[in-house]
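Working notes, structure below.
We just call them A, B and C in the order they show up, numbering each chain from 1.
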Amino acid sequence: MRRLSLHVYAGLLVMVTFNLLPFYWMITSSLKNNMEVTSFPATLWPQQLTGEAYAEIWLNAGFPTYFVNSLIVSVSTAVLSVGFGTLAAYGFSRFRFRGRLVLMSIFLASQMIPGVLLIVPYFKLLTIIGLFDTRIGLILALTTITLPFSVWMLKGYMDSVPIEIDQAAMIDGASRLQCMRLVILPNILPGVVATTTFAFLLSWGDVLWALCLISDEAKLTITLGITRLIGQFRVVWSQTMAAIVIASVVPAVLYLLMQRYLIQGAVSSSVKE
Amino acid sequence: MSNRSRVLHLLSALVLGLVTLAGPASAQVTLVYSDWQLAENVWNRSLREAFAEFEKANPDIKIKYEPVALGQRDTRYSTALRAGKGPDVFALDANPIKQYIKEGWVMDLTPFIAKEGGQQYLADWYPSLLGPVTEGGKVYGLPKNVSPIMLTYNKELLTAAGIAAPPKTWAEFREAAKKMTKATKDGGPVDQWGTLLVLAPAGFDLRFSVVLRGFGGDFLSPDNTKSLLDSPEAKAAFNYVIEMIQNDRSLPPGVSQIDAQGGRTLVANRKVAMAFEGLFTVPIIADINPQLDAWKVLEMAPVPQNPGSEKQIRSTYYMKSIFMNSKSEHPEQAWKLIKFMMEKKQMEKWFVDNNLLSGRKSVNDTFKPILENKFTNAARPEIERAAFLPQIPKWPEIMETVRQALQAAIAKSKTPEQALADAHKAVEAILARP
Amino acid sequence: MSDRANGDHKVNWTEREDVKGVLFVLPALLLLIAVLGFPAVGAVLQSFNLLWTDKPSFTFAAYRQLVDDPAFARAAWNTLLFVIATVSFHLLIGLLVAMLLNLEVRLKWLFRVIALLPWTVPDVFAGLVWRFMVDPLAGFINSVLITFAGQTEPVDWLGTSTLAFGCLILAEGWRAYPFIMLILLAGLQAIPPQQYEAAQLDGATAWQSFRFVTLPNLKTMFVIAAVLDTIWECRLFGMVFSLTGGGPGDATQVLSLLTYRQNFEFFNPAYSAAIAVALAAAMLALSVPYLRLTMKQTV
């Protein structure tokens, strides 16, 4: 048993090293100055610790705005996604209407359409409606990525709640909607949290849609801000790494706070009759 | 009050009323200007200074800047333009111009030019530069600046290696590159290389093309209908590059991934002695590493050729031109901006900031700083010896095919002969498509 | 199932319930159709040259080009290899790490957070970080090799097809395995401990326990994870774009990258649409077993 323990910790150590190595490189590079970050061979630890890369992007390259924009867009997308998604998931989970399978297939199939295919037509659509270069347009676009996924996840969680609970509530006079709100949702709260977090993260990481749908500097998301840093004329690795660190902080913190829910949520979705 | 003054009062009230009614017509117009050079330090500063001047002279026009990374420019623009949106005024290099014209995305500027004097106005531009921006007799854009690609070298490194003058033939070039590849620290790894090549998509076309042309070859036939990649010159150029990389090892490792800025950084950090660059490179390299003292240490010479070669063309044009969105809502104001950018004074300022030759002959021939600059003096005669890359809509796809072939040969997934032969076939297939 | 349990005597229960069900689904469906449907249908029509073109006329030309184009064949092959390799990596490493995290170790929460971290980096940027790590001159890996392993010449990690492909698989393996690990961990945690106890009572070794208790219980989650991951890896774009750009040559050019290139760099939107439609069709075919499985599961 003790030997197993040693193997276990050794395995965990390997996992930790593998996972953290790129982060270590990201962070140490972001703390080097321009000259050092391109030296050959690369220094494994900054010879001169400096925050100039962070200062540069935070003060000069407009990153605070991008950060806030990303927050606004990602939170809105997640909320919209989970809002619509919960309703749809409840419909799929609790009802057996005709065409149910077809509709579910549509939701699944929509995940398979590559974004590249959709961008130009979507742009045209937005222009017609007048939503080009608005955050709303971007949020709607990102919802298409997160919505199908959210519906499937939430449906899985809902399926794990026995239907008797619905019936008990309805006997007490609850409407279907109240059922969903007051009875089902509280039961799958970890699942809802997990889904919201995933939806947030999916939209946080988007680059392609933001690139094409947003042109106003004031509305750029942080991912777009980073790709701007990497033009033909500016590959300052220290700044690029600093920006990526900033862009990864939010998701990392979210994981830290939500990790209990994420695992719990995933567990309950796997428990099927 | 007398009758006369009453009438005067009435008249002035009327005029005032009319003026205020017409007021909205002269209200603020916002023009969106987009340029990949806004994403680079040196150019960005220069553009913003110039535009501040423009806004002062035209208080009813406000400019909104839209930087875009060069690699994403066409993605961004084509998406917006296909939906009828996009910046009012924007800049393009020579490559995609014909495609933009074909898609109808750029405004025909001929009527505006006619108002400025038509042919007389255009006569100041080098005729060869107007080729890419003209289609069917209509002018769609105006060239802002031009540079032939030159052999750019670090004089100090050459002298240190005992090389008195820049190489004139490809054999000399190869020898020089070998001599300047070494380890700068005793016992350390090789960390200085004779030359480099840009093989990432960004900047590949300008640089490999001069090797190809310096060898007397080219990508396509002059009428752009046939591939010339199976010519002996093309094969020679192809093999030359691969041998330098694989046998001589006089290029830095990771050659397949180096893009234009990566190359400039290597030159700036004294890791590479010779490179093929345009005039624009000097301020940028100076900005990357002030300690290098780039203006003093760098020099430029013509692209090498093989002895006895009689070919006129040995270099490629880099050109930046300015265009108007065909669906711009403010064409008059957009034209004002374009005209402003083409003014002599603005061209001169552009040179001072960015070391680039103007598209206008009069500027290059009369502006004293240009005449006294060692770089432009080396470059000016090369203008006659440079040509554009093929100006056809299919060019981006053709160029990518050649680039991938070269990379495959370097990666040893194909022999050089096979890679080039496959590229030749693929290019012919692309040309054959309607 | 038991929708009819409590009779509603006023109206036909089933029909009213059916409508209600559709109503719940409607908002999401409408949103999807509006934002996704119109562009998707438009793109399909464009691939047949029926939309957004000067002279619309139904033609298979774009699809014929697909068949003739060696670049498409190459990209399809690359995509196949890439997806198989990456999904296998994810499943294998994901399972191993999930088993580790399923145990009662000290500081379990810390290990779980670290286990999820790679997934926090958006794929475009993960590609950039790895690109920097494997850079021949300024990168981390060569620096370690030169400083500690006595290597004199920097290795060009992205310079040959095999190495570049390997780096891509490693980078994407690193980035996306945490999510698969999460799914498998959930599956592991759902296995009733009684089954393990029973196996132990029967004298099973650790390996036999694994084979006869763990694996069968995990079968469903495995399939779900595999199918989801396959769909995602088929679509993967940002990581490949940043790390290799499809190179060297077209050694790592996958279909999503080719679609992007044809549309935005070569200005061939119809052909780009055809490639994307082909890819989507392949993914759809793949997901049919997934659909069947989850239908059976949740009925």
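Here, a residue touches a chain if its C-beta (ideal position, glycine included) is under 8 Å from a C-beta of that chain, and two chains touch if they have at least 3 such contacts.
In this text the structure is predicted, and so the values were computed from the model without any measurement.
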- Query: Taking touching chains as linked, do they make an open path (line), a single closed cycle (ring), a hub with spokes (star), an all-linked set (complete), or other?
  - Reply: complete
- Task: Check A-C against A-B and say which one is joined by more contacting C-beta pairs.
- Result: A-C
- Query: Any idea how many Å lie between the Cα centroids of chain A and chain B?
  - Reply: 39
- Query: Roughly how many whole angstrom separate the Cα centroids of chain A and chain C?
  - Reply: 15
- Residues of chain B engaged with two or more neighbouring chains: 75, 78-79, 82, 189, 271
- Listing for chain C: what residues touch at least two other chains? 137, 146, 154, 260, 263
- Where chain A touches two or more other chains, by residue: 38, 40-41, 119-120, 227, 230
- Could you please specify the touching residues of chain B with respect to chain A in the complex? 32, 36-37, 39-41, 43, 65-72, 75-76, 78-80, 82-85, 87, 189, 191, 202-203, 259-262, 265, 269, 271, 284, 288-289
- Query: Tell me, which parts of chain A touch chain C in their complex?
  - Reply: 8-9, 11-12, 15-16, 18-23, 25-26, 29, 37-44, 84-85, 87-88, 90-101, 103-122, 125, 140-141, 143-144, 147-148, 151, 155-156, 159, 163-164, 167, 170-171, 176, 201, 204-208, 223, 226-227, 230, 237, 240-241, 244, 247-248, 251-252, 254-256, 259-260, 262-263, 266-267, 269-272
- Where on chain C is chain B touching in the complex? 52, 65, 68, 70-71, 131, 135-137, 146, 152-156, 158-161, 164, 245-251, 260-261, 263-268
- Query: Can you name the residues of chain C that touch chain A in the complex?
  - Reply: 1-3, 5-6, 17-25, 27-29, 31-32, 35-36, 38-40, 42-43, 96-97, 100, 103, 105, 109, 111-126, 128-130, 132-133, 137-140, 142-144, 146-147, 154, 174, 182-183, 185-187, 189-190, 220-221, 231, 234-235, 237-238, 256, 259-260, 263, 269, 272-273, 276-277, 279-280, 283-284, 287, 290-291, 295, 297-298
- Of all residues in chain B, which touch chain C in the complex? 74-75, 78-79, 82, 96, 99, 103, 189-190, 200-201, 252-257, 271, 393-394, 396-397, 400, 404-405, 407-408, 410-414, 419, 422, 426, 429, 433
